[in-house]
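Next come two complexes, and both contain chain A; in the first it sits with chain B, in the second with chain C.
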Partner chain A sequence: MDWSFILAHIPDYLGGAWVTLGFGLCGVLCSLALGLLCCLARYFRVPVLRQAAACYIELARNTPLLVQLFFLYAGLPRVGVLFSAEACAVIGLTFLGGAYMAEAFRSGLEAVEPSQAEAGACIGLTPAQNIRYVIFPQALATAVPAIFANVIFLIKETSVFSVLALMDLMNVADTLRTSGGRTVEVLFMLVAAYLLILLPISVLATVVERRLRYAGFGDQHSV
Partner chain B sequence: MTDAILRVQDIRKSFDGNGVLQGVSLDIREGEVVVIVGPSGCGKSTLLRCINGLEAIDSGEIWLRDEKISGQTKNLHLVRQKIGMVFQSYDLFPHMKVMDNLLLGPTKALNRPRQEAEAEALEMLDRVGLKEKAYVFPRTLSGGQKQRVALVRAMLMKPEILLLDEITAALDPEMVSEVLNVVIDLANSGMTMAIVTHEMRFAEAVADRVVFIEDGLIVEEAPPEVFFHAPSTERAQRFLQSFTYTSRRRP
Partner chain C sequence: MQGLGINILFKGINFQRLLGGLWVTLRLALITIGLSCVFGFLFSLLTLSKNRWAKAVSRLWLEIVRFMPQLVLLYIVYFGFARLFGWDVDGETSAVIVFTFWGTAEMGDLIRGSLTSIPRHQTESAAALGLTQGQIYLHVLIPQTLRRLTPQAINLCTRIIKTTALVKMINVTEVLKVGQQIIGQFYRQPDAAFWVYFVIFLLYFLVCWPISALSRMLEKRWA
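Right after this comes the complex of A and B.
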C-alpha cells in the first residue's frame, strides 16, 4: 500500500465526500417531505392524490435509480425539458427516496392502534390535530428504523451520480483509478470514505431508536 | 320531552347487512344517568359509538340540545367536544405524560391557556387520587389508574354528556371499584351520563334509569329498583338470571 499516494489524494476524496454527502442529504430531506405528503394523501384518502401517490410509489420503487437518472438527464431534454446535472441528481434521488419514505411512514401509521385515533377524536381534536399530536408521533417512533435504513440506502445510491458527470466519491475514485492505475489504494480509500460517512449515521440511528423506546413509546401491549 | 339534553330518534345501523341497531329511540335528561345493559352483541356499544359519530347511522336522528348532530361530517370535532367518551381500553396516548394527555384537548381543541387548564387538571387528578402521577408516562400506571386518568381527560373537556363504554371490562376485579367510585362521584355532581356496563351492582347503584337492549331494540326501560328486582319483560328476566348462580351444594 502506497501511503504517500493515499495522503496526497485525501483532498480529492474530501471533495468527493462533500458532493456525495451534500446531494445525499439534499435528496434525503426532499424524500422525507415527498414521502410525508404521499403518505398523508393515502392516510386521509384524498381523492385523486391518493391514487396518484400509489402509482408513483410503485413506479419509483420498481425502477432502478440509474434508469430514472437516464430518463431525467437524457430522455427529458428530447421533449424540451432540460435540467442541470445537479438538479437531475436531487430530483432523481428524491423521486426514488420519496417512495421509500412514504412506505416507511405508512408502516408506522399502520402500527398505531386505531383506537388511538378514536380517542383523539373523542376529545374534540380535528383530523389534522389528531394526526399531528396523537397519531404521527407514535407512527414516527415505529418508523424510525425504516427511515434510517432509507437514509443510508439513499446516500449509497448517490454512487450512480457519476453517470451525470458529478464528482462524487465514486467518480473521484474511478477517475483516479483509470488515470493512475493504483487500483488497490484507490478502492481502499473509496471504501473508507463511504464508511466514514455512513457509520456515524448508523450509530445515530441506534441512539435515536433507543431514545424513543425508553421514553415511554410503544405502550401498546398493556390493554 | 323537551328537557332532554340528548335525543336519539329511531336510529338504525347495520354492518354488512347485519342490523345491529334496529330503530332505537332514547332521551336523556340533564343530570340523568342512564345505564344500558344487554347481552354482548346486542348493540349497546354501537349505540354509544353512533351518538358521538364514531359510527355513522343509516337512518334516524340524534340531537344534542337544539343541534342535530347526526349526519354532520364537517364539524364532527365540535360536536365531540361536547360529548365525552371513555373506552374499555383506556386509550391514553402512550407517548405523552399523564398531564399532556389531559391537556391536549383543552389546549388544542378548546384553545384554553395551558396554565389555567393545568391547574384544573391537577385539581381533578387530586380528586381521583392521582395527583402524584401527573408527570409520569401512562405505561407506569395500573389499569385502574389509567382508566381514572382517561375519565379525567374526558371530563376536562367539560362535556355536556359523558359516554362510558364498558370502562371496567378490561380491569382486574380489585381495580373495578376504584374506577366506578369515580363514576359515582361524577353522577353525584350532576354529570349527565350514558353508561354501558356488565357490572350489575354498579348499574343498580348509579342508574337513574336502566335501558335493556336485545337484538338492536330497546326491550325494557325502568328505574333500577324496578328493573333489577321486578323486570316486566321475560327477556330481561332471562338476562338477569344469567348473573346468578345456583349453589352446587345441596342442603
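Right after this comes the complex of A and C.
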C-alpha cells in the first residue's frame, strides 16, 4: 500500500465525494417530494393522477437506473429533449427514487388503523387536517426505516453517474486507475470513501428509528 | 423523409441482436439467482448459528453488501483481483462472483427473517402434539417459512436482474452495448438512439414487471 499516493489523492476523492453526496441528497429530497405526491394521489384516489402514479411506480421500479439514464442522456436529446448531465443525474435518481419512496409512504399509511381516521373525522377535522395531524405523523413513523433504506440505496445507485461523465467517486477512482495504474490504492480509497458517506447515514437511521419507537404512536403496543 | 428511427430495429437481425444482448445479462442473473438460493440457505444457517464467529462473519458479510455499491464490488473483483492475487477474472465471471456474493447475503437474510418470524408456539404446539423434530420442520416450519419467503425472494430476483445491467461498466457486451453498436451503424438516422434506448427500457420492464406482479400476488394471497 502506497500511503503517499493515498495522501496525495485525498483531495480528488473529496471532490468526488461532494459530487456523490450532493447529487445523492438532491435526488433523495426530490424523491421524497415526488413519492409523497404519488402516494397522496393514490391515497385520496384522485382520478387520472392515481392511475398515472401507479403506472409510473411500476415503470420506475422495474427498470435499472443505468438504462433510465441512457434513455435520458443519450436517447431523449435525439427527439429534441435536451438535459445537462447534472440535470439528468437528478432527474434519473428522482425518477427511480420517487417510486421507491411512494411505496415506503404507502406501506406507512396502510399500517395506520382505519379507526384513527374515523376518530379524526368524528372530532370534526377536515380531510386535510386529518391527514396532516392524525394519519401522516403515524404513517411517517412506520415508514422511517424504509425511507432510510431507500436513502442508502439511492446514494449507492449514484455510482453509475460516471456514464453521464460526472466526476463522482466512481469516476474519480476510474480516472486515477487508468492513468496511474495503482489499482489497489485507488480501490481502497473508493471503499473508504463510500463507507465514510454511508456509515453516518446508517447511524442516523438507527438513532431516529430508536427515538420513534419510544414515541409509541397511537395504538401500537410495541415499545 | 427518412422514416421513423424505430424502423431500424426491424432491419435485418437488429432486434434479435438486442434480445441476444439482453440474454447475456439475464443468463448472468439466472446463474446468480440459482447460486444465491443455495448459498443463501447456508448463509442463513451461519446467521442462526450459536457460534460467535459464524455470527460475526455473516454480520460483516451482510454489512459489506449493504454499504458497498455493487459497482464498487465489481471493480474490486474485475480490476483489483488481478493486482491483489494475480487472478485475471473476465467480466462475466466477476459479475457472477460479485452478484452471488451480494445475492447470497440478501437471500440468506430473507431466509433468516422468515424463519425467525414464525412464532415459537408453533414449534411448541407441534412438539406437544408429539411430532418429531423432522416432522415439525416438514409439516409446520418449512411450509410457513416458504409462504413468507417466496414473495420476498421473487422480489429479490427482479433486483438481481436489474443489477446485472451494471456489467455494462466492466466491458461485458450486453444489451446497452449492442444498442450502442446498432446506433453507431445507423448514425444517419438522428432519432435511432431514442428508439433503441426506449426499446431497451421496455424490454427490461417486460422482463421484471411480470415477476414483480407475481411477487405481489403471492404476498396478498398468503398474507
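By definition in this document, the second predicted complex is superposed on the first by the 218 of 223 C-alpha atoms of A that agree within 3 Å, B and C clash if a C-alpha of one lies under 4 Å from a C-alpha of the other, contacts with A are read in each partner's own complex, and residues count from 1 in each chain.
Criterion: a residue touches a chain if its C-beta (ideal position, glycine included) is under 8 Å from a C-beta of that chain, and two chains touch if they have at least 3 such contacts.
Treat the numbers as computed from the prediction; the structure is a model and nothing was measured.
Partners chain B and chain C, once the complexes are superposed on chain A, both fit on it without clashing. When the shared chain is aligned, chain C comes close enough to touch A:70, but chain B does not.
Look at A:137: by the touch rule set out above, it reaches chain B but stays clear of chain C. After overlaying the two complexes on the shared chain, residue contacts for A:200 are found with neither chain B nor chain C. By the touch criterion stated above, A:62 is placed in contact with chain C alone, chain B being left untouched. One of chain B and chain C touches more residues of chain A, and that partner is C.
Looking at the shared chain after the overlay, A:180 reaches neither chain B nor chain C.
Of the two partner chains placed by the overlay, only chain C lies in contact with A:78; chain B stays clear of it. After superposing both complexes on chain A, the closest C-alpha pair between chain B and chain C lies 22 Å apart. Touched by chain B in one complex and by chain C in the other is not one residue of chain A. Residues 52, 54, 76-78, 80-81, 83-85, 87, 89-95, 97, 104-105, 108-110, 137-140, 143, 153-154, 157, 170 of chain B touch chain A in their complex. Residues 58-59, 61-64, 66-68, 70-71, 74-79, 152, 156-157, 159-160, 162-163, 170, 173-174, 177, 183-184, 187, 190-191, 194-195, 198-199, 202 of chain A are the ones touching chain C in the complex.
Of all the residues in chain A, the ones that touch chain B in their complex are 113, 115-116, 118-127, 129, 133-134, 137-138, 141, 215-220, 222-223.
For chain C in complex with chain A, the touching residues are 5, 66-72, 75-76, 79-80, 82-84, 158, 162-163, 165-166, 168-169, 176, 179, 190-198, 200-201, 204-205, 208-209, 212.
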